[in-house]
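Okay, here's the structure, questions in a sec.
Labels for the chains are A, B, C and D, by order of writing; each one numbers its residues from 1.
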């Protein structure tokens, strides 16, 4: 790794440690990294939206290359409409005309809502209902080769469990009597499902932390002390030490403050 | 933006298909190589495909022909000699025929289509007579047997998608059900709804914030204004903001998406007007943070620990940040109420928040908070729809199992009625 | 006028999109794609409002000399610097701001801002989940009642699924864990998804019909 | 505050600290943990272990870098095992981003094989792997299903020359090797649809012994094929890789990863248990005092 890349990596490592310091408590390092992230990321994604979305989807269609000549040469003049609607959003800068920004907002929400109705009905209701209709292999219960009550029973539980959990979501029926029992079974199924999903995710989350530890170790600490860095060898170590000392200084300060506080109390 | 995603993936699939057409699938072996000939067992020409049919593809926008056939007799027998089928196309029965793609052995259908109008090279014009032929090809590409030519056939676009009829039925059924209950609600029918824990907590939590003199943090999540869960969250925000205005507590609404911010500003402003306190509304209650997922989380976490809100409300679309937000909120000692339709995130909210609206409860929340008869009427429609789903599922399972027991196929026929294709 | 026109727009475009779903014909597809473009374009225009809001909140902090104003300065500098570098590039041998070509995306600072600022911070915030999942489990998994016990038991079984210190019990636990993930979990998800689907359709319907209009503001 | 009440209300920073210490500690210090071996992994290992020197293994590296974390350890464990047993390997990738990865892996394994090693009590002398004698790398071709079928006819049809530009016929190891019939076992490592193609187009048509390595999430979907005998063994995710490493007595990245995971999970479980002990004791005490 060349020295320049190493300096960048050191900055990345500093940001990494600054974010981790949040686990102890809110502190200046975290605040710095947080505000840096908000600024940089907003700038980054805004530019990306311009280059990948607004320019090709609007200006390129209206202007054939020269965005400042958008009233000329347009290959798709009907794209003036969304352009104007977009401009209407800017009426929000004025108090008097800000009501006009409701038009594009209404369009946005109307189109989205209309899009969702058949799509969500199909994807979430029709397709799940189709999947619920299962051919339960009763043969598994009653002889015929392998006796496998678990898999037969499992299919029944999937069907009945889903029905019970749906019953739990009934809003206009009190959870009493037999229906209450069904709804209760439903919430049990929901809770078991939630617990299992939670437990299953732990592994992936731990992996995320391992990946960060690997980054700090392989890409930063090991590089800093790599003796094959003949050029600027001391530079690598100094850069490393600057970050390490800053963090150490903060820890010492915290400990001293803590000790003083407990002295005052006693 | 799911529909967009689907469109994009469909498009890329089509593009891939058009690439497939220009690229011969298997390179020609070096048949002149002497060792090669020695080690390759000789291949006899395979039988051709039979019953080749070409039809306009159903339920589409046109520019597409679907072919179907019976596989060659040499397909799949032992170390099958047929490895692929190459599809040839021409606009005249005499040819010349061009290869337009290939299908793997065992396949019995192929769709000849063009990706897009703009893709001039692959453009397949509608209402043009077309003829097709299929070669059964062995692993050695030079040994192949052509089928007879079929045609003419024309492609065209349809005005109704037959495969989506079950969705049309479901939407119509649900729409009518909703209208029926809305009408009843308008007429003043008394509609019961059972109490919901998370909803009752909202009022309590706002009261608590007022007592403590601390703000309320409302997080609309990572959705855009095109997500229905975010739209549902707007209406909940409206109710919450109205109470907040009445109690004269401070409200913080940091946003991830600029349109969501604009809509949320309108919502909160209207709520303050409703509460009769338009002057208490401040522009800086609803503001934009960043459109980066983890930048947003980092900043909201900072707000929680610095401004120590009494209550955090999370409603809308949440991804991995659900637990990051909820745990930090718990650390700050805030009461937390959450609701999301993102199934994978519900467990984390359930574990880390005081109250969680699970899935559909999020959509019911605005009706609960508003207590307007019209909104309650739509809850009733939802319940009846759920009952219909349960009944259909039971009937389907019953039909399948009874029919299977008597070796009949009508169970499957019943099930297929519910299938959405295309 | 101010309130009626938006509601009419919602109704017309909403209904059109519902019907469009069932029409595969080219013309309907063309309008569909065109309308999706509208949404995207409106969204990008709105970003200016967002950036203005971000700027104003932080500028106010600085001008009112609030305690944490230094961080606001960091935010604003990094925001405008990144935007500048996203457009600033060398094209045809001369440096300048280029809006109509995407050369800025390849510029040194813009790429490095992503690689060495956004990426490490992003993955580190994400990785905080490893800790929060632990603290949430410790705090919330108490067998207070039946529901909490079920949640706890299911989570524990799944978390123990590959633990090597359980001896022969381990096989049963790992099978039980698989069963939990594939049976009750599937049933629960199915019910939630159907419920959500109906809730979404109901909400969207209320929006289109103008019954739910609190998002539209007043006056 | 009694000790039990304290157990219920440990500052979460202690949870964070202990978790961090355990993860970093188990990452830094390499030690052995017992790994329970599932029969579906054992069958693969034993099948490979019983092959005679000189027999040919087809190793399909059909994943892209996004699945590297889970599947790469499997590839390394299998390669090391095969080459130490003096088996020969036909490498092939049907994933677009595979070739560079396979080439790098071959270089790694060549270096590793130069060292003397002892596995399961048997000493293996280091040796130099020779391209064309110990292994061939066929390279990459698109349309995986077609290639799987074509290789069933003759490897030379889709791959007349190998990745390094040598005609397959000029490779000593490929003399007399026509198709799957001359291959002892096909081991496919994949994170997607290619697995299905190997089952239906490969094993289904040509009936060779097929062993699979999949990502952890996918594994559950392939157990039916194990029961029906179409697949002789199955390695699922990091755990499967760790089991193979353990069987081959060659602990590597998968065992390391599992070690960290196991102990991190144990920390979380320990805190949950602690909280519950505290909760129940405090509850009982309160009940007693109430009386």
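One rule holds for everything that comes next: contacts are C-beta pairs under 8 Å (C-beta built on N, C-alpha and C of every residue); 3 or more make two chains touch, one makes a residue touch a chain.
Values in this document were obtained by computation on a predicted structure and should not be read as measured data.
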| item | value |
| --- | --- |
| Contact-richer chain pair (by C-beta pairs counted) among A-C and B-C | A-C |
| Farthest-lying chain, centroid of Cα atoms versus that of subunit B | D |
| Subunit A and subunit C: spacing of chain centres that average the CA atoms, whole Å | 6 |
| Separation of subunit B from subunit C, taking each centre as the mean of its C-alpha atoms, in whole Å | 16 |
| Chain centre separation (subunit B, subunit D; CA means) in Å | 33 |
| Chain centre separation (subunit A, subunit B; CA means) in Å | 18 |
| Subunit C: positions in contact with at least two other chains | 18, 21-22, 36, 39, 42-43, 46-51, 54, 68, 118, 121-122, 125-126, 128-131, 133, 135, 137, 139, 141, 151-152, 156, 159, 181-182, 189, 192-196, 198, 200-201, 203-205, 207, 215-217, 219 |
| Residues of subunit D touching at least two other chains | 12, 16, 20, 23, 261, 264-265, 268 |
| Interface hub residues of subunit A, defined as touching at least two other chains | 19, 22-23, 31, 33-35, 37-38, 41-42, 44, 46, 89, 92, 102, 105, 108-109, 111-113, 115-121, 125, 129, 132, 159, 162-163, 166, 169, 190-191, 193-195, 197-198, 201-202, 206, 209 |
| Of subunit A, residues touching subunit D in the complex | 23-24, 202-203, 206-207, 209-210, 213-214, 217 |
| Contacting residues of subunit D [partner subunit B, same complex] | 12, 142-143, 145-147, 149-150, 152-154, 156-158, 160, 167, 169, 176, 178, 200-201, 205-206 |
| Contact set on subunit D toward subunit A in their complex | 13, 16, 20, 23-24, 27, 69, 257, 260-261, 264-265, 268 |
| Residue ranges of subunit B touching subunit A (in the complex, touch as defined) | 2-3, 164, 166-168, 170-171, 174, 191-194, 196, 225-228, 231, 259, 262-263, 265-266, 289-292, 294-296, 298-299, 301-302, 305-306, 344, 346-348, 350-351, 358-361, 364, 379-380, 382-383, 385-387, 389-390, 392-394, 396-397, 399-401, 404-405, 411, 415, 418-420 |
| Interfacial residue positions of subunit C with respect to subunit A in the complex | 2, 5-7, 9-18, 20-22, 34-52, 54, 68, 71-72, 74-83, 86-87, 99-100, 102, 104-105, 110, 112-131, 133, 137, 146-148, 150-159, 161, 177, 179-198, 200-201, 203-205, 207-208, 215-217, 219 |
